[in-house]
Amino acid sequence: MIKVGVLGARGRMGSEAARAVGEAADTELVAEVDQDDPIERLVEAGAQVAVDLTHPDSVLNNIKFCVENGINVVVGTSGLGPAELDSIRTWLADNPQVGVIVAPNFAIGAVLSMRFAELAARYFESAEIVELHHPKKADAPSGTAARTAHVIAQAREQAQLGTMPDATTKDPDGARGAEVDGVRVHAVRMTGLVAHQEVLFGTEGETLTIRHDSYDRRSFMPGVLLGIREVPGRPGLTVGLDTLMGI
Amino acid sequence: MIKVGVLGARGRMGSEAARAVGEAADTELVAEVDQDDPIERLVEAGAQVAVDLTHPDSVLNNIKFCVENGINVVVGTSGLGPAELDSIRTWLADNPQVGVIVAPNFAIGAVLSMRFAELAARYFESAEIVELHHPKKADAPSGTAARTAHVIAQAREQAQLGTMPDATTKDPDGARGAEVDGVRVHAVRMTGLVAHQEVLFGTEGETLTIRHDSYDRRSFMPGVLLGIREVPGRPGLTVGLDTLMGI
Amino acid sequence: MIKVGVLGARGRMGSEAARAVGEAADTELVAEVDQDDPIERLVEAGAQVAVDLTHPDSVLNNIKFCVENGINVVVGTSGLGPAELDSIRTWLADNPQVGVIVAPNFAIGAVLSMRFAELAARYFESAEIVELHHPKKADAPSGTAARTAHVIAQAREQAQLGTMPDATTKDPDGARGAEVDGVRVHAVRMTGLVAHQEVLFGTEGETLTIRHDSYDRRSFMPGVLLGIREVPGRPGLTVGLDTLMGI
Amino acid sequence: MIKVGVLGARGRMGSEAARAVGEAADTELVAEVDQDDPIERLVEAGAQVAVDLTHPDSVLNNIKFCVENGINVVVGTSGLGPAELDSIRTWLADNPQVGVIVAPNFAIGAVLSMRFAELAARYFESAEIVELHHPKKADAPSGTAARTAHVIAQAREQAQLGTMPDATTKDPDGARGAEVDGVRVHAVRMTGLVAHQEVLFGTEGETLTIRHDSYDRRSFMPGVLLGIREVPGRPGLTVGLDTLMGI
């Protein structure tokens, strides 16, 4: 049994994670910490792994505390850029037995989608992304779509593909969408939807579509549990769930 | 047997139409006219119906000739606006036994899509359109997508639906696409594709998607044949294949 | 304000309906009746409309009680065949001012799908249905898929279409699925899914797809509310939400 | 310039391949051989690579001739089972500098689909396949669908996943489709379609769909050209385009 503490345990994602840890056969929920609770509870409870699902403002301090106290961390909170990752590496250098896994997206289907997009990109003349979300989302395109566009662009560059064919000369209202690293990205916002993405590839006479539908926060839990199981055996910093998945 | 002449008979669409007319059991191809041929051939051959698949520059003169000579016309050429339709009505007033059918799109699936979009629109909070075409297309969005957005907007207005929910505050590169009569339209351009359209509707807990895929110019021929069969019994001007289809 | 009582108010669908009735601006929840409660509460509370979301065993008696007490009924419970509908008609003959609406499916998107399938069927050589549900479903195909196949078959017969083209000579394991009234129906069962259906139509060079995705029981509530609003003005028996929707 | 001969050069696939070889910048068409032509032409023309797109009856003799004459072979003809592959290996043992590539499917999108299905399979509780083809196809399911089911089944076994959840108790007409190695496969046959496949994966709260659409025989040509370019540097027998693609 892996002893797990959840940071942000009363938030939407955190409460779901606490439930999942409690239900899995090989993990034990030993501490639930929210914003007014002392983080020292993790130590008192003997947590081997902490799951951080808090807020961009607090995540870095939480990681520092855990690393210095020998607790492995699985991070699902967003907002960690290159500078923050460097700080984490510095702390880990002093605590080389500790592991930290930072995953921008814990939905296994989303991680697979992105990896498959990266593998497929070099074989197709055209690539575009359509992401579809509930209408309460504030930013367009989604972070996952922007990252997917980025890995497609990199793979095209490595394969020395040129720009995609596009004879559009008349598009007065911007129907062709956003261009992210040279890849067109379209964002649909619609009542009834949750979080969905289609990556479309086309070449002479054929198309390939990779679609991911996320209906529920529960879809993140298999990825969170995978991180919890893997982090004790992976000292140092690991970025991205794909590394753990061996794809 | 309905005697049919094709105008634009050596063009891409026209040659396909000539073939379809020749193959159908109840139609007979009696004249093939292209740009250097005299249109009088229609009269000599005793054509009862002319199919115009020529060019915006010539279509109006062709229709005038046919109406004045008592030949019914099925028009697939684009470029007829309200003023041109009024001219046609004037000519028809002097030749009340003649019928003219003008159809902006002869693909039966496209016509059904548009009609279904119109019927569904009032029942959903959100509606968006994604159209996908080959990369040689010059304009975005497609004419069919723009017309579909228009009929959706009209149906929403009649049902007194307000604006669609959309919390987007950050969209620096235009991922939300074009706004046509208040309906978001997205255009994908991709090698391998032909002509495709998805109309998406969403409300609490459910979505409805109407997708039309056109793989081939042959997809227009059932609609052209329907027009040929119906036009002798429909004196006056008829706009849109949907009227003939009784939907 | 329409005064509404919910029968089966503590069931999954019933509790959702009670919530929806309580939240809508023009309806008032005046009675919640479950299996151990006396149905007379509806009368005491002055309910104008009863919503029955109970069980095939109890629905018919509930309807009888309501009709005899002058309460209009919206019925979402399944299990009413031709014999049961005849009984309801008899009771209504004695109470001609009362209305009963029986709807096998309250998801507006599902009702529209079925109607659009009926309208489209005559224009396509081929039609097949793929329905996709969660893996806890006991029956295959779904009732909605079977009904959709039935309306497609009827429309094809009226249009005097023959059998669909199918050159399959070798299908040892039944990959071609079930044949319902001559229409092939395929059932997918999958963790993560809720209730989804695709109706596919194909003819020369084009296909048309009507897809309905239901993610949530809440998707039935707009249809239930529509029934509640319409039933007081529709004396007699009405079968199907499509009649109310004017499609 | 790689000197290429095409066997079956007047067949549907062969003529397309001859055209593609003639048009590519780095390949030269030096021989076109059809059923009544002597295969020795390949030798006379100095072909370095032969592309076999003939018939199950002739393919094995063709390969033998090429291997014994030091000509590399790219094989797109179907019908080579384990026994035939063993024969090829024997001939190659005597001619160790020669390469033979046997590919059951040259559409790059189909090859990627199958590989992605294999990689994804271990992460999902449920997996099913829907393949969709033109109605002239004689066998159901398609060979590609059966192979995809097989690789999914193998990946599930390696990951020690059990059987998929499925509560179906009532399926009188076989709507659940064929079971191939424990994976459900559904076959749609429809006018207007060409060759399409959807692999669906589902787990708690999310689904992943990999869809391949092949509209045209031209879709096989990038794969054929890839084989031609790679086979001179790959002595021995290579099965499957995926090996060449490094995925």
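Worth pointing out:
Letters A, B, C and D name the chains as they come in the text, with residue numbers starting at 1 for each one.
In the analysis below, contacts are C-beta pairs under 8 Å (C-beta built on N, C-alpha and C of every residue); 3 or more make two chains touch, one makes a residue touch a chain.
The structure displayed is predicted, hence computed values, not measured ones.
Looking across B-D, C-D or B-C, the interface that copies A-D in more than half of its residue contact pairs is found at B-C. In terms of C-beta pairs in contact, A-B outnumbers the other of A-C and A-B. Here the spacing of subunit A and subunit C, counted between their Cα centres, is 39 Å.
Inter-chain centre distance (subunit B to subunit C, centres taken as mean C-alpha positions): 35 Å. Subunit A and subunit B have centres, each the mean of its CA atoms, that are 45 Å apart. With touch defined as above, residues shared between interfaces to two or more other chains in subunit C number as follows: 192, 201, 203-207, 213, 215, 219.
In terms of which chains touch, the assembly is arranged so that all chains touch all other chains. Those residues of subunit A whose C-beta lies close enough to touch subunit B in the complex are 124-126, 128, 130-132, 135-141, 145, 164-180, 184-193, 200-207. Residues 192, 194, 213, 215, 219 of subunit D are the ones that touch subunit B when the two sit in their complex. Listing the residues of subunit C that touch subunit B in their complex gives 107-110, 112-113, 115-116, 119-120, 123, 201, 203-222, 245, 247.
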